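Order of writing sets the labels: A, B, C and D. Residues in every chain begin at 1.
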Amino acid sequence: MLECEELSAAYDTTLVLRDVDLTVNDGEIVGVMGKNGAGKSTLMKAIIGLLEPKSGVVRYEGEDLAGTNANERANVGIGYIPQGRDVFPSLTVEENLLIGESVNRERDHDLYDEVYRYFPILEERRDQKAGTMSGGQQQMLAIGRALVGNPDLLLLDEHSEGVQPSIVEEISENLRDLNADLGTTVLFVEQNLGAIQDMADRCYAMERGRIVDEIGSDELQDEDAIASYLAV
Amino acid sequence: MNPLNLLFLFADNFAFIVLSAVGLAVIFGMMGVINLGHGEFIMIGAYGTTLSANAGVPLPLAMVIGVLVTAVMGFVLERTIIRRLYDRLLDSMVATWAIGLILTQGVRIALGNSIPQISTPLGTIAYGEFSYSTYRVVLSVVALAVLAGLYVLFTRTEFGIRARATIQDPDTARALGVDTDRMYTSTFVIGSALAGLTGALYAPTLTVVPGMGSSFLVEAFVAVVIGGPSVLLGTTLSGGLLGVIDALFTNLYGTFFGQIAMLLTAIVVIRLLSNGLTGLVEDVRNRMEGE
Amino acid sequence: MGIGDTFDRLCRPFEGPNTIGNTRRFWIGFVVVVLALLGYPIGFGGYAASSAALYLLYAILGLSLSIIWGYTGILSFGQVVFFGIAGYSFALISMNLSSTLTTMLALPISVAVATIASLVLGYFMFYGEVRDVYVTILTLVVSIVMNTFMAQTAGSEWTVGSVALGGFNGIPAIPSLTFSVGDASVVLDGSSFYWFTLIALLVVYLGLRALVNGRFGYTMVATREDEDRTEMLGYDVRRIKLLVFGLGGALAGFAGVLYATWGNYVSPSVFGITFASIPVVWVAVGGRRSLLGAVVATVVIEWFRQQLSATGSQYAMVIVGAVLLLAILFVPEGVIPRLNVALLNVRDRSETTPDSPDGTPE
Amino acid sequence: MCLYAISVSRMNDGRSGPSRRSFLATGGTVAGAALAGCLTGGGGSGGKDTVTLGILEDRSGNFALNGTPKYNASMLAIDELNDDGGILGKQIETFAPDPQSDNKRYQQLTRQAINEEQVDALWAGYSSATREAIRPIIDQNEQLYFYTTQYEGGVADSYTFCMGATARQQLGMVMPYLIDEFGTDIYTIAADYNFGQISADWVRVLANEHDANVIGEEFIPLSVSQFGSTINNIQDADPDFVMALLVGANHTSFWNQRTSAGLDLPFGTSTVMAQGYQHKRLDPPAMKGVYGGFNYMQEVPTDRNQDFVDRYYEKYPDAPYVNEECVNNYFSIKMYAQAAESVGSTNQEDIIAELEKGMDVSAPEGDISLQGKVHHMTHDMRVFRCDENHDIHVMEEHKIPEQFLSDTVGVNLRENDQTKQYVPADYFEAADATRE
């Protein structure tokens, strides 16, 4: 479904991604783990199109995405959940969700019902300004917002950051259910061990902008094996 | 002091401040671009209206033409110039200043220093020994209608919600499929159209000359700066506050003191409220919700 | 130690990454240009010199914005406020107490008044948490307020001492700058005014070069690049901004005094939106992060505008507007930095042996 | 050689006091100035085979509406003179830049006109502010200068000739007429700057002289274009007529606004219509019942004027109107030519002396004369009335001389050089703004 080939990206002149190769198959949940500054968020931005790659190819459903804008990529079915709970703070919950309708223009129907089923709090707080909600609730909103348009691929950028562990667990569970129910493919980046173990079918490890390892589902349960990619 | 006089005067000032500021406020509030050519956009609206009316088009239709002309001009300028400067907001000020310069002198070259003016429609309201222009009362109603219309547009329509999302976080909005380029273009066109509307509405009451835009700038900038970040609320509140101050002091002490009182008020507001009048309202609202 | 080394050592305090032109070649060119400028009145006469003096004093105004906007990241439309305040102060002081001594004293006092005004406004803004683009609009509003206010001082109640503010008409017949020691006095007029302005500009330019390449200059640039981080590193950002704004006010005020004595006249149009915008245009076109850019652009643009107006062409303003648009669109970093890069490239290509002592990184 | 020649010609200017262009001779600038003189090929006016006139009128910026007709009329006069063989057999050249309604630029261009272009005479500026900005430069260089706008009056300047009617002449024409026709209660609205303030002073002086009262007075900033409260105040005061001394594009909005507010009083004015042809630009009946005291409007019903108007439109078919200043520029250039012919040279000092003898001028407005002692004109003044169809009618006409400088102050520029502007407040109790 999604392939990155020798993807490199830079801020100004500082290279942050170096020749990243990565594949996500239809229906998978794939994680990318790495420490702070490993280039995880940059990878997400390069895939969604917020950052122009220096070189390399991003392919979605077999088509090269070069030359398309972020909004066009979203329109064809990629749902993006930015890091740091980037909801629109002075829009209400409902208005935030409405923005998500622009994702995946070719869907059959909106997923408001499903979103409200997974995250009932969002229905309760429909008219509340998003900026006044707690971190976990904002994270749920950010996910719900990307889901409303029924994306085929979800890009999830560190949903555990700054959120209570119990909520992270809940969110991870919801995402697994969602993957099972709707067949939504998920690519997420994370440095929280628990979240990775809870969600990922398989996982890439990233260090200083490079993919350094690929870890299958069995190895994922071996904490010691993956901790080295995460420990500070 | 006749209370009706004061009321009319207030309505008049309110309309003038709101209509002067609203186009500037939309472009600034939604896009962060300070359009130094704002006055010239108003001038274009006034010219469009006056020229159409002189050509025999009925006044209401002529006003629509004035608005359209300005909107189209805004569209072209956004597509060719302004969009290249979104990440260089200060340069965009220089660019819009230059556009204003070109517009003023371009109109002068094309149409001369003056064109035949149109007269104010709708006649007079008389009361006691006083009388007042009906059209000017209508203007204040229009000003309210414009504010209400914008409120609905920006809070009740999908376009408005997307536009607000775009200004809050353009990257995230884009990543969620919002065509932010189009949002910017649309917003700039709406702001231009509003400036054009101001020109169209005031064309029958003001002297339509190439340099007329400057007579709107004081009110427009003062209103925007004391209004604060929330465009509509800010414009409404500044129109209300400055309108009252100006009306009161003008009525009591004359035009000069009206203007000075208005400007002093602006300075006090800026000093006391760093987020302008809307900041104050938000604070009060938060405090009330907190209790 | 050769003469070249001495020369280099003399130049060193003015060199650094925050300015263009850190090579011996630049300084030699600089000295040649300065000498040529000093000789200009001798070659072209007093009239030409007095015209040019106007552009030079504008350049000081341009520099005052360059350090505030270009180096500290605060776009001010209010430089003309201090320019005008100093001009008016000079008029009031020198005309009320008309003796050569007071005319001489009026210069520093007026600059002080402008500085205080800028510190007050700066305090008001930076300590009142007025941010970013609001500073820009606020300074613009202050200019408009001054313009509106001064234009309305035509009545006889607006008389300070024996001098009427004059409203829209302004104050005419302001004395020229006069310096006197004992009985000897020099009236700065024509060529002598030009020389005075040129040397003042030179001192200001070199002084600012030393400033921006010094410790304080780095904190200015740090403030521009990231205010929060600068604050976290232990610098008082508000104080830095206030000091720079005050310095800008002083320079603008100094230019304002020169202006008032240049035409022996000052009027509210110095606060008008057109004149308020012009320094922004100079600095934007010349390159806001380049002091030299501000100076060159100011002189060239003003010369160009004057030439166009002298032709009597009605297209003058259209051409000025179009040139600005093109400059903003196609040379965003400013004309002078672009030229500098182009020159360096040409030289890099033509020269294979790196014999020039320009080790300073850009 | 060249340097020597110039010095001699300057010496020959020989007026007592500082010599013409004396400021050039300070310090080390003599050589430079002389060199510049050589480079531009001008050795003073005497040696040239053309006459150069400086025409500095605004064709862009705020005052373009008033400046453009002044420029046009000047060019018409110069073309006509050139067609008739020029002045003293020399063709007239012009230095005619566009000062863009910017006083700073006026200063630059005035210096350029005098020092670089070496103009023999200068016409410059619409507003009083412009005149005051450049007058110090004029005086310093002892440059012959014609200021052609109608104005507040009082300029007594050895080098300046004020060709327009003064406030006293204009108001002195229209106010007695209005007092006779409508009554003695006057309300004044005036532009809040020097011109408006002094004109309002004159309204008070003239009201006093004709046993009328100014029952209200309001000064309106030039930037104001909203007149709701002003209209209220006038209605509140209920005067017999209003004196409207409004200036500029913003103030022109007053007329539409007062009409739509139903303020139907007689208005007297010295400013509107004759300068900015509001009766042509605004839709009737905005200017209904406005009475102006002017020396000229395009509608002056004489054959001589018709002939002038025809010639003007022949040269400028698209011009909107022939205004008061147009005519002042036109006749003053002709008057200058006449003076130069009778002196037999373009030496400025000689021409000033010649003009100071007084001179009769046949102008489009009528036969008028220059009052040499005070450098002002005795104008053929008229009361013009605008009716509801915006047709103009001449109600009264007679010649009025400049009186303030000549009678009240007692200025005689033939005898005493000066460069001062006198104000009525110093001479009339009624005009003293510190009253009450």
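As a working rule, a residue touches a chain if its C-beta (ideal position, glycine included) is under 8 Å from a C-beta of that chain, and two chains touch if they have at least 3 such contacts.
If you're wondering where the values come from, they're calculated on a predicted model, not measured in any experiment.
Counting hops only between chains that touch, chain B reaches chain D in a minimum of 1. Measuring from the averaged C-alpha position of chain A to that of chain D gives a distance of 76 Å.
One finds 37 Å separating the Cα centroids of chain C and chain D. With centres defined as mean CA coordinates, chain B is found 42 Å away from chain A. We define each chain's centre as the mean of its Cα atoms; on that basis chain A and chain C are separated by 51 Å.
Residues of chain C found to touch two or more other chains are 148, 152, 314, 316-317.
Taken residue by residue, chain B touches two or more other chains at 105, 108, 214, 218, 256, 259, whereas all remaining positions touch fewer. Among the residues of chain A, none is in touch with two or more other chains.
Taken together, the chains touch in the following pairs: A-B, B-C, B-D, C-D.
Per the touch definition, chain B reaches chain A in the complex via residues 158, 161-162, 164-165, 168-169, 171-181. Listed in rising order, the residues of chain D touching chain B in the complex are 60-62, 64-65, 68, 192, 218-221, 223-226, 228-232, 235-236, 238, 249-250, 252-253, 256-257, 259-263, 276, 280-284, 286, 318, 320. Interface residues of chain D facing chain C in the complex, by the touch rule stated above, are 23-24, 26-29, 31-37, 39, 59-60, 96-100, 102-105, 107-109, 111-112, 115-116, 127-129, 132-133, 135-137, 192-194, 196-197, 219, 221-223, 425, 433-434. Put simply, chain B touches chain C in their complex at residues 32, 34, 36, 81, 84-85, 88-91, 93-95, 97-102, 104-106, 108-109, 214, 217-218, 221-222, 224-225, 256, 259-260, 263, 266-267, 270-271, 274. Residue ranges of chain B in contact with chain D, taken from their complex: 2, 5, 8-9, 12-13, 16, 105, 108, 112-124, 126, 129-136, 204-207, 209-212, 214-215, 218, 247, 250-251, 254-256, 258-259.
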